[in-house]
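Below are two complexes that have chain A in common, paired first with chain B and then with chain C.
And now, the complex of A and B:
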């Protein structure tokens, strides 16, 4: 495993768009070549080296490349976008679109990750040790293909609209979440270990949502179908199980109608 | 103005009967001329390349409210597909619903000079013209929709052809329209009641007139006026298994009617995107669904007053949009993707739904096959035009791929063997595997240039390199003597080496170098004074329309700043 370290040396005037910060772009490159990769600030093109001091070099492949961002990048967007392998460690906060459409590998953000982290991702792992913003693991605006695979773990809280149009994979939030959870969800699992406010599972077609704390306002389209004793992400307990959203269409498979499931811990 | 001599290319011009001869082509002051008329021309070396008149698209949805809805509700269509401005070009974006700028540039890069916007809701004609105005380079026109319009339904119910004609002439002037479009005759109006007209004999609720009467009546009114183009129909039951009988019943409405016009047009009925209308069977399942392309093509081959375009499915993720409101509802029920539905007062309706034609499904493969089969079964390439009903069956930028499929049996076999998951089932249920025909470059020039130009009544301007025609010339990097790989066809026709439009170079070495001088074509048809139609218009506007008459007309100075008006005198 070869390590490339990026040390922020200049705060951009506008948000920096840096989809080149990923193992796939760094693999097989020396520090100088990496510093030469482009980033955008507004409509102007710069090189990565104008904003970061680059040390180390990429491994032979993305899988053998580790990227360490040694500082705060809360004004740098698209870190790890579309990455397929390897790892990215952000030692501070990250701006929007961390790991958007990522296919594989691991991203760890020691601080907070802003909105749209893991948008449309199909594989890999994102760990946010602080809080995550809105639209975590959601779909791009207009698209019906949200998170489709992989795992997102958030140690703190997450914002609103997490898992919109989610079709697969897992989102685990240890803290609380804001409104709109799993809207239009058609697969995958969302686990909220704290509280959720409202609009949980609106227009949900299938998939699972677990809430350990309270839901301030339940959606009217969910029906209580019984209680279950289960283990969810290492926590055992009794959950009230609901099916829904009853106002939405639901597919039939093997003679059975498939519903979204909402589990609320007692 | 400029003079150009395009030297040494392989020239294909069906009107002049030139079939790949190495010859020179001359442009002067915006028009084609004899080479001897040039004094000091700029020379364009076309050696080893194919030279044709610029192409003419008879049917695409490229401007107006439903295209705009498609752009607005599909931001994902632009995701990762934006090209920053460069040189004289402004920013481009989108795939199935490209921006107006990309639309103009893409058509130019493919060597097109004229495009017909195929469905203009009259009430929103201003929007259509604003987008046409902002689409660079290509000349365009738009067909207002008539087949579900209350005036038309009422006049035709009483067989008042002359009143229908007077109303058409009035509406063409109000909307700066070009001709008569007829979408799902009566069915879209029935959709206002939550119903449809699945066959040509199902009466429209309240109006009590059948699609057959609407089709025949609009043909008669069109010929009464002698418009450049004919009645342009999208028949009932688009996309439904077994619909080919409805299609044949629709085509039969043209029987015995002869074209009456001064524009050299021979047909009285143009059927658009025939692929969607040539289905057999009772469901989309492979044990039932089958191609009826041969049956439909046989009927058309035996007539001389019908033209059609293909509507080939290109197996892409696209955006469907049509004035066939009930059909879009049917689609959203099938794929559960987002849906927009609009009612346009007394005139029409529209729907928009994204759609993925997946090569992994039998039905998309069969639809692909049927479109190609129609092009191959058609005996007369002058009456058979290549379209994808952009963006319904696929984006127009795929035309060169369709050329490849039509021109190469090997390319079709590759699709059946390697691309379609159910290629063998498609062979079973369709004709495609049995057809050996390969469209030639001469036939391609008929299907994309001379043919559509003639069918639109524009044979005096477009579709040929004959002296006196518009100076619209496309040069493609395709060498008919050495190119063997079918992929060369797609590559070359996607990127014209040169496009001269209206006598100016707009594409040079594959790059757009000018925003051209685009014109909007419309038809100004004079008819005798008709107090009844005038009274009906005034009354309907007062009683029903949400706008008044003064806010309805498309005022030329703003919406159509560079018009080309075709005058028709129907007062005799």
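And now, the complex of A and C:
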């Protein structure tokens, strides 16, 4: 595995759009070539080297390339966007769109990730050791396909609208989440180990949501169908199981109507 | 003896009343009176006649005083500021005509600006929801002639759109609505007892921020499924009753406003309200319509829709259109320090944006094009007064139901004043020179 290290040397005055920071763009390139890749501040094009000191070189393929950002990039957007393989480690905070539409590989953010992380992702893994913003694993505006595969783990809290239009994959939040969890969800699993405020599973078609803590206000479209003893992400316990959202359309398979499932830990 | 100009269009709110009569002096230079308009609309016409009106551009000096400058100087400052910026925000566009919006977008394309309109703090969430789930809608004329079930959800037309109920929704007698208000059932959903709520057959005094739950409960009730005893403070018996009342009509309409678009859940409220409408079409005919505020905010969405495919929060900075409310919306850009110049036309962010955003406008090179003195003109570096669209110049505007209506010119602007369109054309020409575009 070849490592490319980016050390931030200048904080962008406007936000930096750096969709080139990903193993796919760095693979097969020397440090100087990587420093020459473009980034944007508004309508103006700059080179990556004006904002980062680049050391190391990319591996032969994306899968053999590791990108390490050695500092805070809380004003840099699109890190790891559409990446297919390899790994990205951010040693500080990252701005919006971390791993948006990613297909494979691993992203680790040691600090916080801002909104739209893992938007529309189809595979790979995102680990946020701090907090995540709104629209985690959600869909891009107007798209009916949110997160479709892969895993997102957040050690801290997450914002609102997580897993909107989610169709597959797994989101695990160790802390609390804000309003709207799995709105329009049509597959996949969301696990919230802390509390959720309200609007959990609204307009949900199918898929699973697990909440270990409390939900302040339940959606009226969920019906209690019994209790189950299960293990969820390494935690065993008794969960109250609800089906819903009863106001929404639901598919029928093998003569059975499929509902979304919401599990609340006792 | 005054002349009367008939069929004048009111450039105030999205109802865009087109039956005003304006009395002008014999020389056609002064407005004497306005008939048929509501108090707000009449004031808009009469305010153009104010003796203390600012008629020339003004530039803020270092000591905070204002100095009158020529339109040439104003064009030069605007063009050089926009051309030099790396990510200018061009905001507003709702109280001007479509012609000005189109030429303004050309400037945005040349300089690579982020274009945003007042929907960003208003019905932008509606536009997000429409993109997510579509919208079954109609025109106000259809409502006048057909509607017998009217829902006002989180809006107060008695004060915000004063002639809406008398012209279209509650009182008029239409082709299939010969009994007027007597043949219509009116439901208001609002946490407050507003003047609109007082005229309703049924007022659901909902808990604040629980619209999404109540809308969901209605969809559950349509299907006859189980509901908790109360939802959003409304007993389930009432919810089933309302559901039956909605199903029983021949033609229904949900009007909604800021109470749902800018309270908790925002776009999801509208998304769910559209799904309620869609569900009701299993039983009878239902439609949904936003109560748009500024008279031509709908038009700016239309213009950008046909030019770039997105109705607000349009980011042209990289030379192609991008759109993602939350990232490319004005307040997010301002608060996150993502823009380096601000151009405002036909709106008043100084009054309607959070203080943290207004402070950023104050810090940046900024231009405000507006006939009035507003909180925004006070925080901008350059104020360019222009003729009133719909009073002193015509142009196209879109009503809240997406019907385009040509505004009429009633009187001349004060001598030597430019219109929005003339000013923007001059800026476009100069920006082209500066950018070599």
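We take it that the second predicted complex is superposed on the first by the 266 of 266 C-alpha atoms of A that agree within 3 Å, B and C clash if a C-alpha of one lies under 4 Å from a C-alpha of the other, contacts with A are read in each partner's own complex, and residues count from 1 in each chain.
Definition applied: contacts are C-beta pairs under 8 Å (C-beta built on N, C-alpha and C of every residue); 3 or more make two chains touch, one makes a residue touch a chain.
A quick note: this is a predicted structure, and the numbers were derived from the prediction, not measured.
Once chain A is used to superpose the two complexes, chain B occupies space that clashes with chain C.
Of the two partner chains placed by the overlay, neither chain B nor chain C lies in contact with A:230.
Touch criterion met: A:221 reaches chain C, while chain B stays clear of it. In the superposed model, A:246 lies in contact with chain C only, and not with chain B.
Comparing chain B with chain C, more residues of chain A are touched by C. Once the two complexes are overlaid on the shared chain, A:43 sits against chain B and chain C alike.
When the two complexes are overlaid on their common chain A, residue A:140 makes contact with chain B and with chain C alike. Once both structures are laid onto chain A, the chain C stretch out of 25-33, 61-69, 79-87 or 133-141 that overlaps chain B is 133-141.
In the superposition on chain A, the residues of chain A contacting both chain B and chain C are 43, 140-142, 144. Of all residues in chain A, only 43, 140-144, 249 touch chain B in the complex they form. Residues of chain C touching chain A in their complex: 85-87, 111-112, 128, 131-132, 210, 212-213, 216-220, 222-223, 225-228, 231, 264-265, 268, 271-272, 275, 279, 317-319, 323-327, 336-340. Per the touch definition, chain A reaches chain C in the complex via residues 13-15, 17, 40-44, 96, 115-116, 134-135, 140-142, 144, 179-180, 183-184, 198-199, 202-203, 217-221, 223, 245-248.
Chain B makes touch with chain A in their complex at residues 73-77, 79, 84, 336-338.
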